[in-house]
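Handing you a structure now.
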Amino acid sequence: MTAPATEAVQARGIEKSYGEWPVLWNLDLSVPWGQTLVLFGANGAGKTTLLRILATHVRPDEGSIAVAGHNLRTRPDEVRRRIGVVGHRSLLYDDMTCRENLVYYARLFGLKDHKPRVDEVLEKVGLSNRADHRVRTLSNGMQKRAAIARAILHQPDVLLLDEPEGGLDLESVSILGTLLAEWTDAGRSVIMTTHDLDLGLSWGHQAGVLRGGKVHLQDNNDSSGITGSNIRQAVAEALKGC
Amino acid sequence: MKGLLRPVLVIVWKDILLELRSRDLVVSVLVFGLLVVVVFNFALNNAPGRAEQLAPGILWSAFAFSAILAMNRAFVRDQEQGGLEGLLISPVSRDAIFLGKALTSLIFMLLIEAALLPVYAVMLDFSALTFTLVLTIFLGTLGFAVVGTLFSAMAVQTRSREIMLPVLFFPVVLPVIIAAVEASTRAVGGETFVGLGRWLPLIGVFDALFLVICPWVFAYVMEE
Amino acid sequence: MASTQSIQNPGGLGSFPSIKTALAVITGVMMLVDLYLIFMVAPTDSVLGHVQRVFYFHVPVAIMSFLAFFVVFLGSLMYLIKRTPKWDAIAHASAEVGVVFVTLALITGIIWARPVWNTWWTWEPRLTTTLILWLIYVAYLMVRSYAPNQSKGAVYAAVMGIVGFVDVPIVYYSVVWWRSIHPSPVVGPFAQADALDGTMALVLLYSFITFLFFFAYMVMERIELRNTEEALGRMRFTLRRSGR
């Protein structure tokens, strides 16, 4: 039974260091249902590490993480079922077609009756006509879209996007924007990192800056959301300090 | 048990599909396996009458070196675009990932050996199609696949991985090689199952032991 | 502050300079006495002559390397279960000392084999197993240093420390059985050398205890060295954290 979790993602006291290199320390993070959290941060601030920890790929040294109320340490598979990841690499096999890759992941996630679902996500990212092409033959942007299709295939509660705009053309960016809007409207959550201030602020409900091993959330008390100029200024200011 | 089998088969299906597309593993290892036998034939001066003595040793040297070559590639395709990462963030147990990769390697190696064996039998002049020899080959290859998958997963992440795998693999599988050569010598000599003595049970113990240990430590190897 | 404490005590093993110094002194004195006993007190072997004295090094060093690899096994097992660096430090130190000891055992074995068996090398079970042992633990050290980072190196090494140790008895029995059907071409007067007189046995026993102390001292020294390295790393770590 799914516990009635108030937050989609809840992280407490996360610490991670690589040998002598501290990356994250005393990091707290919570993302409500139906919201997009956009993370900004300088290169090497630990954005990718944080996403890889939330994606269950990297084990934090300390701290606890819960996704939809499921604790990562005790129920890792429940957490993995509820998370979709788009990182720098597509996680697809070059010598298989888009459809084969998606069927493979659908089977790994144990999806029942996956054929229509595969067609549906291919349609969503605009790859229906390329479904039976090998991933190797696709352009970078199309590979990224295929990766997005892979991430949303199992309808996760939380989507993790690491600089998703990289390599995407304008059309693909707008496809992704629409998809994310639908996603949060349906009550699901998104955490994404980006270097594009305008894009991030137009897609996010909350903005945070990763600095000094922690997430510093920027206030968004006024009703205008985070598109207000005060947030923009605050983020720019926080990034300058790095 | 059923929850374990399904993802294992999904992984095997994926690897076989990729192999069918590229064919770069099985075919190249096959050619290599033939070369090894030709080289050994001259290196050991395999004259008529000595073949039955030398054949098992040549056979297992060729199989062991082919295994190294095949295992070196076992995780390469999973590294290219992050396929292994994709597996690790899926709700699939680490045991299933290990068993899937080990089963794939076992299938590939058995295929290669099945193709090489008749050729070896003709070249080295021994009778290949005996139950005892086939059983020995199966058990020995299982040992190679289990230990090789574990070390391949480690080696693929280290510097100079092509060298790291044999350095880790050979000392550990030495008992399998010794026992397999001894069992094969008897099998080629026409002994029955009982005649193989304790060599088959020795391989069996090795296989069983490492089928328990390897999946367990594999989970730690996969951890970031 | 907790951070100052952790600088002094990074591996969680504590510092033991006084024990270590005491061990160093005891080991040194025992070594000198051991040398005296081996060369002045122990009787010359009637068949083999002075070469037999290498025996007092060879046997203790070989047995100590087995002990060392058992410690590696335990340390590796505990490291994977508990994930505390001190277990890795113990396993790592023990493996390095073990490889040195097993190398010495092989070299002294070869020196011994030449006059006794009339050959430098024979594929005798104990010799063969020792060689495989050497290969396994050299691989242990290699995979540690070739790993992409330190923590992965520790895990990979622990895996080899477990797999390798479990493998040793299988290696031993396979070689013994293999040997029994391929008899050694050289049968030396080993049986005679085996018969030790009372003084010889006592010197051997003393030698044994000496090398046990030597082993303990070396492992401690190695762990201390690693602790110092880690303390330095820990200082850089804290500086980096506060620097941002």
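A, B and C are the chain letters, set down in written order, and residue numbers restart from 1 in every chain.
Following the convention adopted for this analysis, a contact is a pair of C-beta atoms (placed from the backbone, for glycine too) under 8 Å apart; a residue touches a chain by one contact, two chains touch by 3 or more.
Model, not experiment: these values are computed from the prediction.
Trainee: Measuring centre to centre with C-alpha atoms, which chain is farthest from chain C?
Mentor: A
Trainee: Going by C-alpha centres, which chain is most central here?
Mentor: B
Trainee: Please tell me the distance, in whole Å, between the geometric centres of chain A and chain C computed from their C-alpha atoms.
Mentor: 49
Trainee: Averaging over Cα atoms per chain, report the distance between chain A and chain B in Å.
Mentor: 39
Trainee: Please report how many Å separate the Cα centroid of chain B from that of chain C, as a whole number.
Mentor: Centre separation, chain B to chain C: 32 Å.
Trainee: Pull out every residue in chain B that's touching 2 or more other chains.
Mentor: 223
Trainee: Using the touch definition from the top, list the residues of chain A that touch chain B in their complex.
Mentor: Against chain B, chain A makes touches at 52, 55-59, 76-78, 80-81, 83, 85, 87, 89-96, 100, 104-105, 107-110, 134-135, 150.
Trainee: Under the stated contact criterion, what part of chain C meets chain A in this complex?
Mentor: Going through chain C, the ones touching chain A are 149-151, 233-234, 236-237, 240-241, 244.
Trainee: How about chain A: which of its residues touch chain C in the complex?
Mentor: 17-22, 25, 211-213
Trainee: Within the complex, which stretch of chain C touches chain B?
Mentor: Against chain B, chain C makes touches at 80, 132, 135-136, 138-139, 142-143, 146-148, 152, 155-156, 158-160, 162-164, 166-167, 170-171, 173-175, 177-178, 181.
Trainee: Which positions of chain B touch chain C when the two form their complex?
Mentor: The touching residues are 147, 150, 154-155, 157-160, 164, 167-168, 170-172, 174-175, 178-179, 182, 198-199, 202, 205-206, 209-210, 213-214, 217, 220-221, 223.
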